[in-house]
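Below is a structure I'd like to ask you about.
A, B, C and D are the chain letters, set down in written order, and residue numbers restart from 1 in every chain.
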Amino acid sequence: MTQGVKIATIGGGSSYTPELMEGFIKRYDELPIREIWLVDIEAGKEKLEIVGAMAQRMWDASPYDVKIHMTLDREEALKDADFVTTQFRVGLLEARIKDERIPAYYGMLGQETNGAGGMFKAFRTVPIILEIVEDMKRLCPDAWLVNFANPSGMVTEAVVRYGKWDKVIGLCNVPVMATMVEPELLGRKPEELIYKFAGLNHFHWHKVTDNHGKDVTMDIVDKMYEGETGLPKNIHDIPFQRELLEQMKMIPCGYHRYYYLEEEMLEHALEEYNSPTGTRAQQVKQTEAELFELYKNPELDYKPEQLQQRGGAYYSDAACETIASIYSNKNTQLVVSTKNNGAVPDLPADCVVEVSAYIGGQGARNVAFGSLPTAERGWLQVMKAMELLTLEAAVTGDYNTALQAFTINPMVRSGKTAKRIMDELFIAHKKHLPNFKETIERLEKEGVEVQDEVAKSLREV
Amino acid sequence: MTQGVKIATIGGGSSYTPELMEGFIKRYDELPIREIWLVDIEAGKEKLEIVGAMAQRMWDASPYDVKIHMTLDREEALKDADFVTTQFRVGLLEARIKDERIPAYYGMLGQETNGAGGMFKAFRTVPIILEIVEDMKRLCPDAWLVNFANPSGMVTEAVVRYGKWDKVIGLCNVPVMATMVEPELLGRKPEELIYKFAGLNHFHWHKVTDNHGKDVTMDIVDKMYEGETGLPKNIHDIPFQRELLEQMKMIPCGYHRYYYLEEEMLEHALEEYNSPTGTRAQQVKQTEAELFELYKNPELDYKPEQLQQRGGAYYSDAACETIASIYSNKNTQLVVSTKNNGAVPDLPADCVVEVSAYIGGQGARNVAFGSLPTAERGWLQVMKAMELLTLEAAVTGDYNTALQAFTINPMVRSGKTAKRIMDELFIAHKKHLPNFKETIERLEKEGVEVQDEVAKSLREV
Amino acid sequence: MTQGVKIATIGGGSSYTPELMEGFIKRYDELPIREIWLVDIEAGKEKLEIVGAMAQRMWDASPYDVKIHMTLDREEALKDADFVTTQFRVGLLEARIKDERIPAYYGMLGQETNGAGGMFKAFRTVPIILEIVEDMKRLCPDAWLVNFANPSGMVTEAVVRYGKWDKVIGLCNVPVMATMVEPELLGRKPEELIYKFAGLNHFHWHKVTDNHGKDVTMDIVDKMYEGETGLPKNIHDIPFQRELLEQMKMIPCGYHRYYYLEEEMLEHALEEYNSPTGTRAQQVKQTEAELFELYKNPELDYKPEQLQQRGGAYYSDAACETIASIYSNKNTQLVVSTKNNGAVPDLPADCVVEVSAYIGGQGARNVAFGSLPTAERGWLQVMKAMELLTLEAAVTGDYNTALQAFTINPMVRSGKTAKRIMDELFIAHKKHLPNFKETIERLEKEGVEVQDEVAKSLREV
Amino acid sequence: MTQGVKIATIGGGSSYTPELMEGFIKRYDELPIREIWLVDIEAGKEKLEIVGAMAQRMWDASPYDVKIHMTLDREEALKDADFVTTQFRVGLLEARIKDERIPAYYGMLGQETNGAGGMFKAFRTVPIILEIVEDMKRLCPDAWLVNFANPSGMVTEAVVRYGKWDKVIGLCNVPVMATMVEPELLGRKPEELIYKFAGLNHFHWHKVTDNHGKDVTMDIVDKMYEGETGLPKNIHDIPFQRELLEQMKMIPCGYHRYYYLEEEMLEHALEEYNSPTGTRAQQVKQTEAELFELYKNPELDYKPEQLQQRGGAYYSDAACETIASIYSNKNTQLVVSTKNNGAVPDLPADCVVEVSAYIGGQGARNVAFGSLPTAERGWLQVMKAMELLTLEAAVTGDYNTALQAFTINPMVRSGKTAKRIMDELFIAHKKHLPNFKETIERLEKEGVEVQDEVAKSLREV
């Protein structure tokens, strides 16, 4: 890395890229980047060009001489890269719209990360990430992979378990936001609070002490019930049953609403589904279109305010911080998806968990959390089983394993409708599920068709 | 035991008692009983007298001289007993009707053993079984406790975990029926098949080989899809999704329908709820009334055919076999709830599981099953968490723990309605939930009232 | 098996074969054997012919028509076999003499099963047993392998772990003898006592209850200190420190003397080493020679008394009982080496342990023992680590792993002398350690030579 | 802590105290101490006064106004303390001399931390540390306990397991020295290397990467074999068998010589035993006497060079760093004894381990190490069993448990001599083993007497 760092960003045409650039620019002193390669696919070429030009303008406005390369050739980008970031979305937002609407048509939660939708997102993403890992073994065997393609935890687990690649860190903005909002709730400075997270991506809990070791978890809970709870924008914001939090003495993540308040979250999802603006993915699609309009402006050379409104804010910043921490051995405290190594003793030591960690030259050094209480232990174990089954199905293309994963998923009501939803999702995502070719041919022969009109009308991209 | 065995049966007024008597009579040679004490409570006195007289007639018609004692004094019955069987039902069928109808009113499954209803059955039963254990420590410290009060697995776990009493075996008729029906399906004799069960009560799987070690599990599955599946009468009989069975290569128990076919089971439950005959408990109440009419007949001195129609057939026979096997060190193979000891390595060694075991002088010698596949492991771990939380709530009376147990229960859709159902169940079972006194007073103050008219109209017995 | 059972016995020329024949003859009704193939190697041809002729005479004197085949062609013997028994000794007693004398020369215990010697016995035996398993996969894929080649536990683990063959049962006569002697000590009949064993081969403990479930373990211990302890003939018989047994409330196996009384056992081994009769293997060699003289007698058609004097009595009988129990699904209780499956929860579920099991058509159904107390847990874990390292070294031929195994072995005092002993053992067993070819060449170049004159004088057979 | 920090140091009369003072003085900016209470017992009064005066001089020579209190009243010292450090030695060096000489008399290693001697050190120390914890619960319930009384790991485990006190950190200078020496070996700056330690006190291994994540463990090993290995002064410095290190790809701690080179360490110990200067403790006693002579000098107001020669250098500095890190939430990386919480997944999550951790306001945040290889896992498990048995014996005073601990200890050759050594040690330490009163009375009646003349001649202090 003597002549500066080479970054390759897969899914470079994403609307998040400007946040990523901003993050790199402000950390240039500790992370002297030489060149950034933004990679995308043919279908994303136009967006790549818009956002790539915008990225170059941002660097040009900075004091640093960094070259943005735009390419459709992943190999060229990966060659000798020091860090690879992955933020691609197989099938783009169109695919997510299907993930959300097809279940909702039948009155069920799609939930694009851990629910029925999230499982298909994994089915689409896992084969690609494993291809990337194989490329990395050849082209940049010393590089770190920093993933924020969703479902981030499952994708990271795929990299470790099936890709046999340990130099990977999975990111999520949910814990970032908790650590930004909670000090404010208590009127404390961020550095005055100490966090301990444990769980899985979009399925973790945390405890907080102040810098004197005093547990302030329940003080934060008290404040949360007084007002603002600091959820990411993409989660419907209703209060948890306080009794549960009193019992667990931990703070669940926002996505836990899908498990602790299944009824309310379903109601909300169906409301959105039936509204003119549509499900979350449809709303995001609108926001994205607006963002790209902004990005086209040849005067714009900084990250626009509007990007913050998008659900994933801080994802990219977390990625920049992770990379800088590894590069400069900073020992920054972050919450990341990483090989467990015992940090969550209730799960196998070799699976991926999301935990507090110190990030440095070795990657993530996980903070050992200790055994969780009964309820959280049970939840974690069943969710990890769901993840592992989903990944196994993604890799083997086995329909029965996929059905098993669907059935065990706490967000899916098992039975004939769940199976129907799964079948329609297979049909809907045909292009991106090569491993399930035989299944999809069978379903087509059986005449399975997507029923939701919006989902049906979207072609696969 | 030199002068013959003393049996004490708590809940002696149950309609199952004649089956128990029949089982003891046919095993007299290996289990020389001297006296049987049928214990019941004041509210059950009339039934106790009817069934007790009937029981004495059965023995009088046998070649054996055994005395039936009927008593409301539990201590007298336990004094120097060799075996204690527990088949009591706190709150009788009236309580079960509430357990089923209150959730169904809100469109949710009550399920009297593992669902919302089953959890309240545990709340009612656990304090009583722990009292019995304390009595046994004083009055018959060498006796074995053979439990078939439901939820049988949780009750057995309470005895071991909170009662600190290891000489207990929990029984269930579900595996008994599997081992009776499956050989028939294959046209084999029972002794030609070898079973290996693992899991929890009403939540287990099994594999079968023939006597040459050939795995015939999937042959049985094939036959099950051709026709009769041998379910207990109390489970709605619809086929599992065959894909799941193909994947797991094991046979789930009938109650797994509540998890693998939640949608269909809920539909069926609501149908029954809305029908004139009512939920399962209401139907059983009718059957029981008819049975007691039969038992009143002073000519009847054998178990009537009609008892077989009742869901719990073979429960009592399993109890007799268990007792005879312990007494005569027979090493009979049964499937029982017992301390794990490693037989199911995916659960802690000190919790209670339901597994194949050889029953003899040491009680149950569990057959080590080995690790379960991913899906079953996940299910087991979350269900055991639900059981442990339920028991903790039952013992501590903590409302928040109860809510946590409700929330994690895969059969309960979490959220405001689930909480409402739980609150109504507390009100409905007030008399039998002394540990939750404060909670119930609070809920009464808040004006919580049972909404289902049938449940509301039933007084607590 | 319609036309009777085919048995293949590898190491058929062993002096134990007559016991094996006797065992088969007395079980013919439940195990209708058609033919027995005794296999040996060129070097054992003469013994094979003597013992094979003797075996045929034994069957001819019985009412049954069974043909004994003698062959040096293992494949012919394995073809379509129903059961394969392995009792071979790579390098014969000569090798064992080296295993015992080379360490003793340096004042260390050789101990031919778990000590320095036993590790080399594993190094020699593992490659052969894995060859046999590969042959079985081709020639008799439905057969059961019943191993009593020592070190029996490690050999069985090799079959499961590296051979990927689960239809194997490892045997040992040590637990057999305990269950024969202990009832006598208490003046009880064998069927009146119930055993629960857990541990590893030559490293297990057991508890005993009577048929009413009363723990009589300490009663047996009391009797053991009054007199006869029922050890196998090959273990020096001195009393355990009673305090240890009082603390553990279990009965250790005779070989535990090497761990609980290391000093005394070493003293005894060195005494033997320095005596004219020599170490145990030298004594056994003498006994064997005498046995073969007897076997040559063309009148002898029954197992001679003198065989009982040999240490391994009952080994072969246990093998016959195991085979008959599998064949007839008898559910006999035996103590066997088998895949753990959770029976000993303190060790991984997939390793091999030695435990009480019911033997039937499925092979061994292990009795779940539950967690062991602190001391026994620690011992087991370190010994299993030693076994796994030994096997890894045996398979990979890695010198450093072998040294690691030596170092962790509690019977080996680590340091320069241990390393020297190991090096000499490599030289001494050159012919039988093809996996360690490079190591041995290196050691030869370094001029390592065996120092013990007796060991040096023995050529490899 | 508004008016500055109060430190209480139990065993304040130790010769290490000046190092502790030096450490506090140089960290005053981040740890504003108000007062330090040095506590000792009557027998240590003179030393306390010498070292206390010296300590006050050191502070007086600094720019800070800190008051040293000397007291024999522990309660007064603990009252409202913010940090309690424990560095006491029950029975002083006299006791350690006995721990070393009594085993050596019989040709066995005494080893004062993990061997026979260390176990008796635990027997003496555990009751006192538990008394201190009880005092702390009353007098300073928010304080942190920083222990460096040996055997540091076992003492810390006692505090957590039996004292039920989690705010404790155990320290050792061994890892400190590794992290000081190893960068030098590679010609790197300390901040350029990243360490990952796992194991138990005096029984751990570590891996090292550079700040780019490159594993440099074996580079360090290469350098170690070229020359200086950076051992603590109290360990005989001979090279490990390089083959072992090649296999494990980790660096063992210096004390591992007792396990990997038992023979050589024993030889060395016996050499010292038979030399005029005597065992290590006798040498240390001489050094200490010289140190106290220096301390008496009223001009001396800084830590003298000679203290560095003493084996335990850096112990006290680690304590100061730990305290400052907790107080200022510094997230310093240290290696500490602390509740596992999963960091070493091969040991129970609730036991104490010695691992890399970030020290801050929450105490130690352990770095999850992941599962260890087979050999190290086995060693750890047997050593933790030895520790747990030792602690159980220390608390219960049960002789048989003590013998079990002795027997399982890999450094003790089991048998009659080991038992004799244990018995003599009981006699020798009579005054400090109140929990073993009955045992000692029995042994006295049996006439057990210490045989080593030096040990015999020392009275208990």
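Note that in this section contacts are C-beta pairs under 8 Å (C-beta built on N, C-alpha and C of every residue); 3 or more make two chains touch, one makes a residue touch a chain.
Molecules present, by chain and UniProt name: A, B, C, D = 6-phospho-beta-glucosidase.
Quick caveat: nothing in here was measured; it's all calculated off a predicted structure.
Trainee: Which contact partners do subunit B (6-phospho-beta-glucosidase) and subunit C (6-phospho-beta-glucosidase) have in common?
Mentor: Shared contacts of subunit B (6-phospho-beta-glucosidase) and subunit C (6-phospho-beta-glucosidase): no chain.
Trainee: Give me the fewest steps it takes to get from subunit A (6-phospho-beta-glucosidase) to subunit C (6-phospho-beta-glucosidase) if each step has to go to a chain it touches.
Mentor: 2
Trainee: Quick check for the class: compute each chain's Cα centroid; which one is farthest from the centroid of subunit A (6-phospho-beta-glucosidase)?
Mentor: Result for the farthest chain: C.
Trainee: Report the inter-centroid distance (CA atoms only) between subunit A (6-phospho-beta-glucosidase) and subunit D (6-phospho-beta-glucosidase) in whole Å.
Mentor: It comes to 46 Å between the two C-alpha centres.
Trainee: Taking the mean of the C-alpha atoms as each chain's centre, how many Å separate subunit B (6-phospho-beta-glucosidase) from subunit D (6-phospho-beta-glucosidase)?
Mentor: Those two chain centres are 55 Å apart.
Trainee: Quick check: what residues of subunit C (6-phospho-beta-glucosidase) touch more than one other chain, meaning two or more?
Mentor: none
Trainee: Using the definition of touching given at the top, classify the network of chains in this structure as line, ring, star, complete or other.
Mentor: Ring.
Trainee: What is the complete set of touching chain pairs?
Mentor: A-B, A-D, B-C, C-D
Trainee: Can you check the complex and tell me which residues of subunit A (6-phospho-beta-glucosidase) touch subunit D (6-phospho-beta-glucosidase)?
Mentor: Touch list, subunit A (6-phospho-beta-glucosidase) to subunit D (6-phospho-beta-glucosidase): 1, 167, 191, 194, 196, 209-213, 326, 329, 331, 333, 339-345, 349-350, 355-356, 358, 360-363, 365-371.
Trainee: Give every residue of subunit B (6-phospho-beta-glucosidase) touching subunit A (6-phospho-beta-glucosidase) within the complex, in rising order.
Mentor: Those residues of subunit B (6-phospho-beta-glucosidase) that touch subunit A (6-phospho-beta-glucosidase) are 241, 243-244, 246-248, 259-265, 374-375, 377-379, 381-386, 388-389, 392, 398-401, 403-405, 407-408, 410, 413-419.
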